[in-house]
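Presented sequentially are two complexes of subunit A, the first with subunit B as partner and the second with subunit C.
Right after this comes the complex of A and B.
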């Protein structure tokens, strides 16, 4: 079954990921990622790239016009650039459309997190809530994750212990990934007994902030074959928005992931994901989100049993977040899924290092935009 | 209403309606804090301001001297090569006299704001700053030569305001 081969990733680059990057400005950090991506693709951004896309949210960057501050460090001065106020995978979707529409043959997508610069993290999350109903005074806004987790476990039949297994797996996977900064050997008991944030969610079930920038270079089929001897195709990509209102959310299933994956699989001619997908990099901002997303993406019917029986382990039938995911690599706000794309590309090229899987050919990468959203993107990557 | 629309169904809302609370508003205010890492280039620049010096970076490919400094050249897309100290004099690229405060009041003392091209930096390089010791507004001209007036060393904090202002040379 030939993959959809219209747009390919021909270069990837990342800055060094860390919990704090106080030595570099965000511009210097982005330059680091961009230089590596363009070297990987063998391209000069000043002449070869037709469109630049940054994925950044103004509140996180602290500028109300983030796009204006992006060009210099990406080689995009006096070149077409715009910012998508969304996650990195949405930028990949825009790049895909630019290429198919003939806007540009080669597009660079960047996303970054400099969360160590942001003091008011919780207030920025709070500003995402509905001003009339959602912004409860004097409470950490993560209460919504607790609400969702309880209802999800109730409906799905998955258990809190199985959520803790996700943390054990992902932080353990991160120990074998030299790029991950939150690798650790933890037990389900450690996870369940860590302090509660908003019950049932505990501290160890939440991914922790990290800094980093990723640049991905994409090209049309014609150019990709000339540029790269190992293009990674975007065989399918789609995005969906549900509701930000807690009263209307379907906590039992991630509808944004379900619907975006149906469309992405169709584009990629994937009819049986649990058989045809070799590995998955899914959103795991919180432990239970990985289970919810595994089910929505059709990778397993009962994600709790799937994970606790080892089927999602690196040597399991369908490894999930072999990179360590956000629980093991860190939470990078809008850059989170672009880091998953970066890790997936290394896997598909066979360049992942100690956590390399044997000969993977196709994977799914999926994003969620964090509380209080029910929005996300699903992409199928193949070689 | 307009020429075309003579009547529009509904009820006009008056200022009193808001003041009396019969029309409800949802109010919210926020206070966001950031602590941006200045990075390699700007940290050096700010530290040198403390020493009463202006420093830039040179790109050996395009031979430009970038002020304020950057660790990468945005034209050539490569790392810059060396630190270069410039003079603390410059030329007014453009200026404006700002008469209005942030609360829309008229400023008693208008601010002379200028873009200053720093001597020793490449054309188009320099920074936004204030002019002062101006005898008459007519004295300010595009192309006017100016010199930095520094704070006393003990008062400098590693800020662009370690230069108090620029004055006519």
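Right after this comes the complex of A and C.
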């Protein structure tokens, strides 16, 4: 079963992931990631890269035309560049299209988080809600995560303890990943007894903010083979948005992930994901989201049992978030899935370090745009 | 002069964004809010899909039809789809998403404070604020209570 080999990742670079990045502006973090990614690909951005794509949101950068501030630190001045108001994996999808459309042979994608600079995080999340019907006065905007979690557990039959197992696994995985900053040995008891955010969701079940920038360089099949001796192919990619109205959302299942994965698997000729996928980096912004996404992606029928029985562990049948995921590496807003792509590329190249899996060939990377959305991207990466 | 403070200020410049909007509720939203003020609920109807939408919209997300029919939904016919409890400045409160049989969507609001514990599937009714206190917003529903 040959992979779909039309577009490949030929370079990756990242700034140091941290809870606080003291003294560096987000532009300097981007520059750091870009220099590393271009060195990894062996390319000069001023002459070799035909298109640049950023994934950023005005509110998170604190600037109403944040897209205008992207070119210089990426080597993109007076080069084709645009910014996607979406997550980093959507940027990869755009790069894929640019290459297939012949817009450019080589494309760079960037996304970043400088959440340590954002003082009004909750207020920004609250502004994401429908102004007339969704912004509940004096209520923590994470109420929607509490509502979704309770309903999801009720419909799926998964338990709160199994959600806590996700946290135990991912933060434990992060201990073996030198790039992760939230590694910790925690018990399900610690998780369940931590402070309540929006019942049943607790503090330890929420991924915590982190800073970082990732740059990914992609190339057409023809160029990829010349640039890299270990190209990582984007064998499938798809994106879906469900209704933005909280009242109409289906909390029982992640339909955006279900539909985008069906399409991405088809492109990648994956017919039985639970057998043909070697590892998965799925969205785990909150503990229960990992379970919901494992099920939507067809990796397991009962994700709670799958995780609690160790099947998603690094030595399990299908490791999920071996990087530590967002619970173990941190939450990077729009850059969150690009951190997962970065980790997946290192795994597929066999360069992940202490947490390296034995010889993985194919993985799924999946994103969710966070509350209050039902949007996300699924990509299949293979070597 | 406090040198340390100045160095921190140099490192991280503080600014804030004081902004205001006036959000247009729209044809469906305005109608819904006016009726809410009168203590009634109306959904918009898609005849193609045989669906009711609450809060109402003038478009159907399933078949893309324009909707211009309305149907009453009884504030007494709700059930709890999900609930969550949170602690904020105003103390601990329970947010509920209440749905109505045969209606797509529902209403976000609060569960009546007290000894009664909410449950998924619990039948509830919307209790409106006294008429003179209503403003034509979702908060005109004081809370949802068990029937």
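By our rule, the second predicted complex is superposed on the first by the 383 of 383 C-alpha atoms of A that agree within 3 Å, B and C clash if a C-alpha of one lies under 4 Å from a C-alpha of the other, contacts with A are read in each partner's own complex, and residues count from 1 in each chain.
The working rule: contacts are C-beta pairs under 8 Å (C-beta built on N, C-alpha and C of every residue); 3 or more make two chains touch, one makes a residue touch a chain.
On a predicted model such as this, the values are computed, not experimentally measured, just so you know.
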Self-check item: First (subunit B), second (subunit C), both or neither touched by A:134
Solution: second
Practice problem: Look at A:315 in the shared chain and tell me whether it touches subunit B only, subunit C only, both, or neither; answer first, second, both or neither. | Solution: neither
Quiz item: Which partner does A:72 reach: the first (subunit B), the second (subunit C), both, or neither?
Solution: first
Practice problem: Could you say whether A:245 touches subunit B, subunit C, both of them, or neither, answering first, second, both or neither? | Solution: second
Practice problem: Would you sort A:151 into first (subunit B), second (subunit C), both or neither based on which partner it touches? | Solution: second
Exercise. Could you say whether A:124 touches subunit B, subunit C, both of them, or neither, answering first, second, both or neither?
Key: first
Self-check item: Which superposed partner A:143 touches (first subunit B, second subunit C, both, neither)
Solution: second
Self-check item: Contacts of A:23 with subunit B and subunit C, given as first, second, both or neither
Solution: both
Practice problem: Identify the partner contact of A:199: answer first if only subunit B is touched, second if only subunit C is, both if each is, neither if none is. | Solution: second
Quiz item: Of the residues on subunit A, which ones does subunit B touch that subunit C also touches?
Solution: 22-23, 62, 117, 119-120, 131-132
Exercise. Would you mind writing out the residues of subunit A in touch with subunit B in their complex?
Key: 21-28, 31, 35, 38, 44-46, 59, 62, 71-73, 75, 77, 114, 116-120, 123-124, 127, 131-132, 135
Self-check item: Complex contact set, residues of subunit B against subunit A
Solution: 26, 28, 30-42, 70-72, 74-77
Practice problem: Could you please specify the touching residues of subunit A with respect to subunit C in the complex? | Solution: 22-23, 62, 117, 119-120, 131-134, 136-140, 142-143, 146-151, 154, 196-201, 243, 245-248, 251
Quiz prompt | Residue numbers on subunit C that touch subunit A, as the complex places them | solution = 11-12, 14-17, 21, 23, 25, 29, 33, 53-55, 61, 81-90, 93, 95, 97, 99, 104-108, 120, 137-139
